[in-house]
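Two complexes follow with chain A in common, the first pairing it with chain B and the second with chain C.
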Partner chain A sequence: MKALSQKRRHPLAALALLVLGLMLTGGLYAVVTTVNEAKADTTTYTAQQVEEGEKLFVANCATCHGLGASGTDAGPSLAGVGAAAVDFQVGTGRMPMQMQGPQAKQKPKQFTTEQTHEMAAYVATLGDGPALPEEQYLDGGGDAAVGGELFRVNCAMCHNAAAAGGALTRGKFAPPLAGVSESHIYSAMVTGPQNMPVFNDANISPDGKRDIITFLKTIENQGAPGGAKLGSLGPVSEGLFLWTAVLGVIIGFTIWLTSRTS
Partner chain B sequence: MGNHSDGTPTGADAVAKAGHQEVDVFQDPGLPPHRLRLADTDPKAAKRAERQVAWLFVISIIGTLVFFVGYFGVRLDDTIGTLRIQNTLLGLGVAFAMLGIGTGIVHWARALMPDHEVAEERHEIRTEEDRQAAVKIVDDIIDETGIKRRPLIRNTLIGAVALAPLPAIAIFRDLGPLPGDALRHTLWKEGERLARDPDGTPIKAADVTIGSAFHVIPESLNDLHEGKIAAKAKAVVLLMRLNPEDLNPSEGREDWGYNGIVAYSKICTHVGCPVALYEQQTHHLLCPCHQSTFDLTQECKVIFGPAVRPLPQLPITVDADGYLVAQSDFHEPVGPSFWERG
Partner chain C sequence: MSTTTETPFQAKTSTGRITDFVDQRVGGSGILREFGRKVFPDHWSFMFGEVALYSFVILLLSGTFLTFFFDPSMAETHYAGPYVPLKGVEMSVAYDSTLRISFEVRGGLFMRQVHHWSALLFVASVSVHMLRVFFTGAFRKPRELNWVVGGVLLILSLAAGFTGYSLPDDLLSGNGLRIIDGVVKAVPIVGTYISFFLFGGEFPGTAIIGRLYMMHIMLVPALILLMVAIHLFMVVVHKHTQYPGPGRNDRNVVGYPLGPVYAAKAGGFFFIVFGVIAFISAFFQINPVWNYGPYDPSPVSAGTQPDWYIGFVDGALRLMPGWLFNIPMEWNIPLPWGTNTLSFNVLGPALIPAGIIFMLLFTYPWIERWVTRDDREHHVLDRPRNAPTRTAIGVAGFIFYCVMWAAASSDLIATHFEVSLNDVTYWLRALFFIGPILGFIVTKRVALALQRKDREIALHGRETGRIVRLPHGEFQEIHAQLDDYKRYKLVGYESPVPEEGIPNENGIVTRKEKLRGKLSGFFFEDRVAPATPAELEAGHHHEAVEAGDDDKAITH
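Coming up: the complex of A and B.
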């Protein structure tokens, strides 16, 4: 400790502090990653699943969505939203909502995969809607280049060209897509959760959706070609980095240039 | 004194004039005593600084070599990992090559080159004699050309100078035709099918479910060989379906949609960014560039942001085969304002 306090007036101490600060900031970016969730699905439901799902629904969801899921002022009717909507909303923790707000946020999920499926089975009986995605479209074996083009035409305006997410109006936002499971990406496209538009199979074919998922997983796994991504947010984070870190280095150089040598 | 041409202010009370004996307020403190550096007195320190400068130059040499190692040594395969390694080596190589030379020279100048202080006297800006001489030269030229006495020469010269720039106007005119009415028309015409961007397959009305958003181009766009990008930039459309009761069409526009399906130009009326951020619950369209927000339920009226005009609506209907088609072109120019728009 004594050695450290003696060296704190060293001419390079400020530089060392700057480098330390930059590395800490960079490290924080690296830490913010989420884990993929593995899940299996079935598209046929047993009567018991439906029954269990109805019990779970009445206990946890009916307050807002109403008995029989017919909707109230606090929540929409769930007739016809389909099993895929339940799988997405409950499976990513967005439902049950923590509180009313501009947008239901992702949070640790409250139900097991089995319970989620039971609720999905119950909601699927209320009306025809998108079913859980088929496994063949989730394997990530599509054409990433075609998926990239589809993504830029249909998704990138909200979700950012690098799928890093972006702001919408009045507190709403399009979330980043890294770490979202394949089936949740697929379910989101067919159901259009919250303010996201629906991209049904007539708009983007199941094979096109498979390509988009392949593209998203490709850019997520291969990393950025240019080194530090700084959140892939474009001029905001890059500009902030330039204005603080690089300008700091330039100021350091000018001080060094004009100082007297000992 | 007091002559304005030598730069001294007039008026006795203006300022204290430096160098005048009668105003003796400020004593020139002179330069501080020269302080010798370590390298000036200690030959060992000088040797050390010399080695440091040399090392900085060596770092620059290594940086250049690293650049070429990255350039020639890294085999690019079809993964992005090798590209990242190459980019890193190129960047670091050039950075150290430049930084090494720069810091080396600065360190050399600071530690080893002579650092005695030098004062340079400011020289007079302009003397009265120089000014007079210049005036005389101009007067002589005017006098010797005789331009005042020979109006024929003067007038023909004025004529020649006035006409000479005209060829430039003719040449610059060749840079391109004027836009004409290109800004007022798009590819859309009666019966033109709405097709998906980018593959150009037509869209059936039944395909567009409530809450959907389709990114649309005219079906004939992909047949174009020339000017495809320019045509697309004007013609792109966002197709959305709402509950028909959410739409509030004004008089004369009731039949511009079909069962709640409406099509609006995707080009922002502010500066022309693509307005494609559609919120299917609030029915707001947001422009990502300057946050102009358009309300689909009020015929894309501007409800926030710098845009001043609503997005133009494309009147659509269905043809005999159930495909969505345009009724006509847009009824107004799409995109931002331009001078002749009116």
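Coming up: the complex of A and C.
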């Protein structure tokens, strides 16, 4: 302690202090950011899967994403996007992309689940990223009410409160969520595909994500207690229905009622 | 039928005696004699007013049922009902009781849907009724004031709709209420004060639902009932209008007496309207508040729209740019007591288009009356084509409204037709200005063309498609002449001529008169004169000799 206090006016003391400070903030930053990061890939893939995945990648994806998935002008680098991103994009048919545009559109998927996993295995080797979601969060056994609240606060502004989808700027859109698998919902949240923001585990905990999935599956499967849903689009479809179908029927009746006498 | 005072009448049956007893005291038969003989012309387009009245009755009935179970309190509670996705969620008592009506009260959801569907139908039928009245010129003397009462009824129906829409305190209606709050706050200087008075403090506060409830179940329906009474009273005083036809003029009404056939039809029509509403309420879901969740100022759902009748205001807000050519639409105005903000990007679209529409709606009968200097009573309607400029003005207004209406669903247009939301907005902005003008021109031309077609048919008959070869080799098409009844409809209309401004007693044409002269030109410059009896006579004589169209009839 005494030595330290004697050396405190040493010409290099300021420098040492600076280094110490930088080390401390840097170290803290590293700790903080890893806490916020979605759980890194811990799934182990076999070497054969990675090899097969690479072959599939070179044949189908490298045109845009570049050999070694380092990215080109036509597509981003895939280092660090994780297996979950591949599972979502390829598993929902969005990749390979039909055409460049504001947003990759969903289309019939091009690869089997096995092939998708092989490509995921390859991409996972390129850098740490979100892994495929764990089964325990996909069982739909969470709290639908909590999920509903989380959904309304975090998701409804784009996807609509009834998950019927919505428009974004310049041709981009948030798709309707009915019929999307539990695993893909989870992957979308952790990877933020297309124009969606990433909801990492610090933002919405894995249990929260489980609740959201439970909520979505509950409202999807419960049906509409009031009758035909008219697309769950709210007052616009209700107004359209009234002005066309209902008013049409009423006009039909008025014509019928007044036609007899003349 | 009625009792006479000279010979004491003794009914044979006990029912007759009771009826007679009542009749002698309330004078029912006199009323029946007066009203039962009231003649109503028959036409399907005359029935939208009835649809409006009937849906209002249904609204009163279903609304009364809902008040038994609805609790307009904004106190906080936690949901403990059967709807799983909301279990334990914090919400207001108003929302909780709406869920209870939907899921626990027997028939509650059905009644809610009846109430909501009939509300939509009510405003729609009021609107269609007004369009019918406008396009047929039924607002002319002596019905100008009744047209104004109708306009007030339209505004009241919007007020009734909006106050009711907000009551469940769900996320969707709360977002709508937040927009109203924004518009109120955009009023310069006093806006913030009005907002605080309205909401009892900062939005959303704990007072608004109770206040809206009182307006929705008492004030607005009472005003509507009052206006309906005035409206119907004036209909009785003025008698009903009729479409032009042989034997119909401004001094008679050709139709069927109210009793018994018409009364039976009208009564039956009530049940038809009720039946249609009940059917759709049973099979089509409306306003599923459980989907939207309780109101909370933080979440805003995509695809948030008001009910259709408020849509045009929402659309105008969506169309308004915040900046126009690098000029902000929001200004800070220094005033002696400090700086006040004028937020024209909110205030302008919220008030100006609606202001234009209602100003024109209320003043139009007087504008037309001033331009035409027509002080006669009109009980025979115009066919829309026979008043081309009025019809064109109506269509222009209709398109102006519809562009804003469409803008309220711009996001759904974008997603469903896979186009860019920005492009939809740009196109609708352009249509907002161009659409009414295009609509005016096209409608006027179509109306004039239809008039010419009518004139052509009146003069030369209908083309039969039979081609005859004459002995000298000429081919001719045989035209079938119309019967007199049909021809009357084509020629029996007025076509005013434009007139110059009239000099006053000093021989000066005032500026106001010059303007009137110009407007008269605008209204009647392009006209197709109805075929005169002389022309008809001439037309019949050389019907076989078909020359080309003679355009000399069209003056310009």
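By definition in this document, the second predicted complex is superposed on the first by the 217 of 262 C-alpha atoms of A that agree within 3 Å, B and C clash if a C-alpha of one lies under 4 Å from a C-alpha of the other, contacts with A are read in each partner's own complex, and residues count from 1 in each chain.
As a convention for this text, a residue touches a chain if its C-beta (ideal position, glycine included) is under 8 Å from a C-beta of that chain, and two chains touch if they have at least 3 such contacts.
This one's a predicted model, so the numbers in the text were calculated from it and none came from an experiment.
Superposition of the two structures on chain A shows chain C clashing with chain B. By the document's definition of touching, neither partner reaches A:141: not chain B, not chain C. Once the two complexes are overlaid on the shared chain, A:127 sits clear of chain B and of chain C alike. In the superposition on chain A, the chain among chain B and chain C reaching more residues of chain A is C.
By the touch criterion defined above, A:195 reaches chain B but does not reach chain C. In the superposed model, A:168 makes contact with both chain B and chain C. By the touch criterion defined above, A:21 reaches neither chain B nor chain C. Once chain A of one complex is fitted onto chain A of the other, the partner contacts of A:203 are limited to chain B, with no touch recorded for chain C.
Of the two partner chains, chain B is the only one touched by A:223; chain C is not. Of the two partner chains placed around the shared chain by superposition, neither chain B nor chain C is touched by A:80. Comparing the two complexes, residues 149, 153, 157-158, 166, 168-170, 174, 222, 224-227, 257, 261-262 of chain A contact chain B in one case and chain C in the other. Note for the complex: chain C touches chain A at residues 42-48, 51, 79, 84-89, 102-103, 109, 113, 117, 120-121, 124-125, 128, 171-172, 256, 261, 265, 268-269, 272-273, 276, 280-288, 291-293, 296, 298-308, 311, 408-412, 414-415, 418-422.
The residues of chain A lying in touch with chain B in their complex are 149, 153-154, 157-158, 166, 168-170, 172, 174, 192, 194-200, 202-203, 222-227, 256-257, 260-262.
Every residue of chain B that touches chain A in the complex is listed here, in rising order: 35, 37-39, 79-81, 83-84, 87-88, 91, 106, 110-111, 115, 196-198, 203-204, 206-215, 240, 274, 276-282, 284, 286, 288, 291, 293, 304.
Those residues of chain A whose C-beta lies close enough to touch chain C in the complex are 102, 144-145, 147-149, 152-153, 156-162, 164-171, 173-174, 215, 218-219, 222, 224-230, 232-236, 238-239, 241-243, 245-247, 249-251, 253-255, 257-259, 261-262.
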